[in-house]
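Below you'll find the structure, written out as structure tokens, and then a few comments.
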């Protein structure tokens, strides 16, 4: 097998040709496409942090990730896999957002992903705060929900409400997703859960729904290999 | 006149007694009161930036201002005025906010200021983004609206809508305030207006309503003294 | 067992009620008490770094820790222990200090802790440089010295003098404490000691006094569980 | 005159439509063109600082300027001029550079600008260090050299050599440009010159060639209006 | 007059010979002398901030100033004066200090400057906090006290005591210097005084002693030329 | 054995005598020597990053390392080895560089090290980017090339060319060193190699030449002790 791709997919610009600090920054130095039908895997920014109840700023994430992604090269040094030869990848720009309205942002993001899903593209998303996962799941649900999920996080993000009943924040997306039938809790594994709780039963809802919660303590007890095996067992063969 | 106040008001803790970096940080090192009836002038934080369409972070403003306000001393070095002898001042904590809901935040802030106004306290507020001025004005309107205003800013903040019709952002508070009868545009002076526009007529609405807009260019042409005189003329004797 | 405390102790303000960046910052978002008799455990800041022979700034520690402590929640996610239900906790403000006098600061800090100890409160202190431990021990010595100690640090802090005979710096507190009868060296364990030495015998004094010094190398050899067991063995049942 | 352009040029994306932190960052949020024939004015990055004898980093300038240029709006608030209606503007990406070779970089940059000049585009460049001006001038010289120049800087950048005879650094571009016949020194005005010198005669060469050097001291003596008039007088009507 | 010095004094290393970021950083890139008799003007660091009642860190000042002073060149661009040709200048290293003792530091610094003064060198000092001026004056007093002084600062630094009677802080050096007969207050001018006061009469002592206090407000009213003339008038011909 | 050295070598200044932030910063607070014959081990700065194809700034490394090295003490806390008693060590200043010429810099650095090698000093170098290793090897080759090497890095630095044939960058020094007969590839071990590749065979050249490449994955599989043994085996007894 040689380095030239048989299907002639766009490849990241090499740092030996254009220095990494050069030119307009796109995800992985790939071309920018505006039509999701033009790619198999589309990288999307979601510059929105309106669900954040604490420190904001994740809205600046997509631009920073575009800039820093120009540091990456094409081939993994041990497996020698070159992902960009296996699928046609591209930058699809940012999902539309409205920093002045949480509801409108969820609507816009969901609509953007629904169109992308209809066009047959698989999204790889860069946020933004954790709440963006909800409209993304809504957008890509058609024909594949309820989904399984492998979730790496300190928090379960299955709290119910904040500030006296508000149901949409960066701490609630997966509770909403289960309620809406987007996630199959029995096929969800949450890895690395840690950090203090507001109430003793904060994480109980997730467990009661059937999610497999692996705390960071259990993670270190099991070791990486067993955690990977457990994650594979939980999500099974369904769409994840 | 000597340094001890005849009315025995709380005075900022002196840096020659407790170093400035010491103890819990309150505005101006004044006592914290939870009942607005306990002060004549109450300093209030409004830790909210949900109306910001660009860079967030102003929600952290009140804490930072409390910390930095411990650098101030009591007496102006030229006029020798000691403000804390002239009125009973205190820190009233923060207005309640909801980072996950713009509407609820405007509601909570307005309600907090209405109670403060009823109690007879005069607020001095530390934001927070510019939109917080709207619920503050709503809260203190009773018995004194429409208000005059001396506004120092780069922007007129009288734009109409963003993102396809959204009426509440950090760029629209004074248009809403005029529409709601909170502000008397003929008694508003905006000083220092500058910066490029989206459309040629962005600032025309303010002028058409009768606001006196002093661009930064006119400010330098007039000089400080004439600008102060003009501001006094515009707002007149009414509540401002 | 439910979440409401039988003894109705003050609990930290939850981030689901007041956002973490909101209001005046106290330790753990607990109420501020000025009388140590009002609490069982009192959190105290000691904003002083006058014993520092290298980079200063620890005097700003207490304010920063108050600010950052608002990130914590109430219940441990694995043990489900909620410390604020087990004892009445509160912020007791800062101990008095004098940045222009080392001697006076040691005096003021010691006096503050002696009063706190008399009032029956147990202090939890946030410095400040390492020398503050000396006046704290002096303050709480009455009725319980000599104390045992579990000490986590890179350095033994049992050096003798600096700069030609100066006995009070951040490198000497535990030598002074042993000399003054505040610490029982045979019930002291120092964990994690590392970093180069000025002289070969810098750490010998501690060992000769009977302290158990566990270098970072020994720590990794033993593992966490054995180090905990060893620490328990060393300090025994006496006041620590 | 209304806001829609009669010639339908691309306009910067408005912050009221897509927030300023959103999407791929191009200069002024204009479209990216790869063919200079597609624009009348082309914004070009030159990410190169290999001529810098002191602190490097200007190679990161173009990306940062693209990011920050998304803060600008379309219309000047006093003159109401909207530049993007007067000419077809676009981002032309970056000129090619070679961080490992000064000579090759000068060659590549010069060649890029020559093609751009042939295509009829007028470049607006974002560096990069001061030496990039030399290959840019070489590239656009055809048919218009020797050029006049209005130069705002602390330094004259007309030093001769560094490090024992090296002729190409960020301190020498305009001496080389005069020697190569690219600049007409009698039509050059340097405004704001200041800062200490290595030798008493460091700035004498510029004056001897006929450049009009206005030090920062003379700038404040003359005032802005007279400096502008003097600059217009020096450069006259020729290409500048 | 040419660039080579008739007396062959050490000259700063030029940035055209060794780049500014190169080699060990000394003040102005001059040689390091340990014997004050070897120079006419000796640059001295005083890395001490133990008199600071607020934010520490000035102890790091001398190293940072050595690093940044490598940015300077030799000749003033307008006056064409080259200071290093007029006197033999050098870096004399740092005065000894004791970060754990205010009293010992004043002693050590004073002794260092006394030896330097005896050796006939004129010091140029880089602090450090304002209190270091007191031991410097003590050191160089012999044969020239009481001195005049031109003092640029926001604060008069003539406060009496802090923290209940402590006489030595960064806010008190010039009061102590007058009391000790080191300064002749009638030949002292303080320029730029501003900032709020603890008490109305904080600056009265200075005025009563005969110091000429020019507030920043008066500075802008008078203009630079008149302030310089006034300063010259106040200090007269005596040692300053 | 006591702390005083039998051979009276210069020792680092102790932080208990002069605080660590004090005086001119040299490597390890050792004396500065300009003649390499005066030391057995000479610490050298090489303030040059002209071979860097990505983020520059390593040219500031030597000054920063001098500053930070003042944090070190003399004796290892476990082994109790005091290196400065075993050999005469000193700071030899910086190698000469030319930020405007890659070729000239390689020449100057090589020449500096050749003289140092002739004088019998062993250099310990602080860069600067990775390319400086090439001229250092050239300088010290006489009488000992080809050398063995223990190389800790993420990258093999044995790429061939950049930017269309440029052979000298921070990614190519060890390929050039093998080609020039400076390195014996069979006695080279590279430890910690990781990070994605431009092409599948980027690291193959090193392996084909006989270098032992231990990826970070193999490093964790083997463990520290086996990696050290393997490194000893590879380099053997020859000069390394």
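Order as written gives the chain letters A, B, C, D, E and F; numbering starts at 1 within each chain.
Basically, a residue touches a chain if its C-beta (ideal position, glycine included) is under 8 Å from a C-beta of that chain, and two chains touch if they have at least 3 such contacts.
For clarity, every value in this text was computed on a predicted model and none was experimentally measured.
The set of chains in contact with chain A as well as chain D comprises B, F. Shared residue numbers account for over half of those found at the interface formed by chain C and chain E, and the copies are therefore classed as meeting with the same residues. Averaging C-alpha coordinates per chain and comparing to chain E, the farthest chain turns out to be A. Note: the chain lying farthest from chain B is F, by mean C-alpha position.
When the contact pairs of C-F are set against those of D-E, A-D or C-E, over half line up by residue number only for D-E.
With centres set at the average Cα position, the gap from chain B to chain D is 42 Å.
Residue positions 19, 21, 53-55, 59-60, 99, 162-163 of chain F are each in touch with at least two other chains. Pairwise, the chains that touch each other are A-B, A-C, A-D, A-F, B-C, B-D, B-E, C-E, C-F, D-E, D-F, E-F.
Interface of chain A with chain C (complex): residues 53-55, 159, 161-164, 171, 193-200, 202-203, 215, 217. Within the complex formed with chain F, the residues of chain E that make contact are 18-19, 21-26, 32, 45, 47, 59-60, 62-63, 66-67, 91, 93-94, 96-97, 99.
Remark: chain B residues 3, 14-17, 19-21, 71-78, 80, 82 touch chain E in the complex.
Taken in their complex, chain A has these residues touching chain B: 49-57, 59-60, 98-102, 104, 162-163, 166, 168-169.
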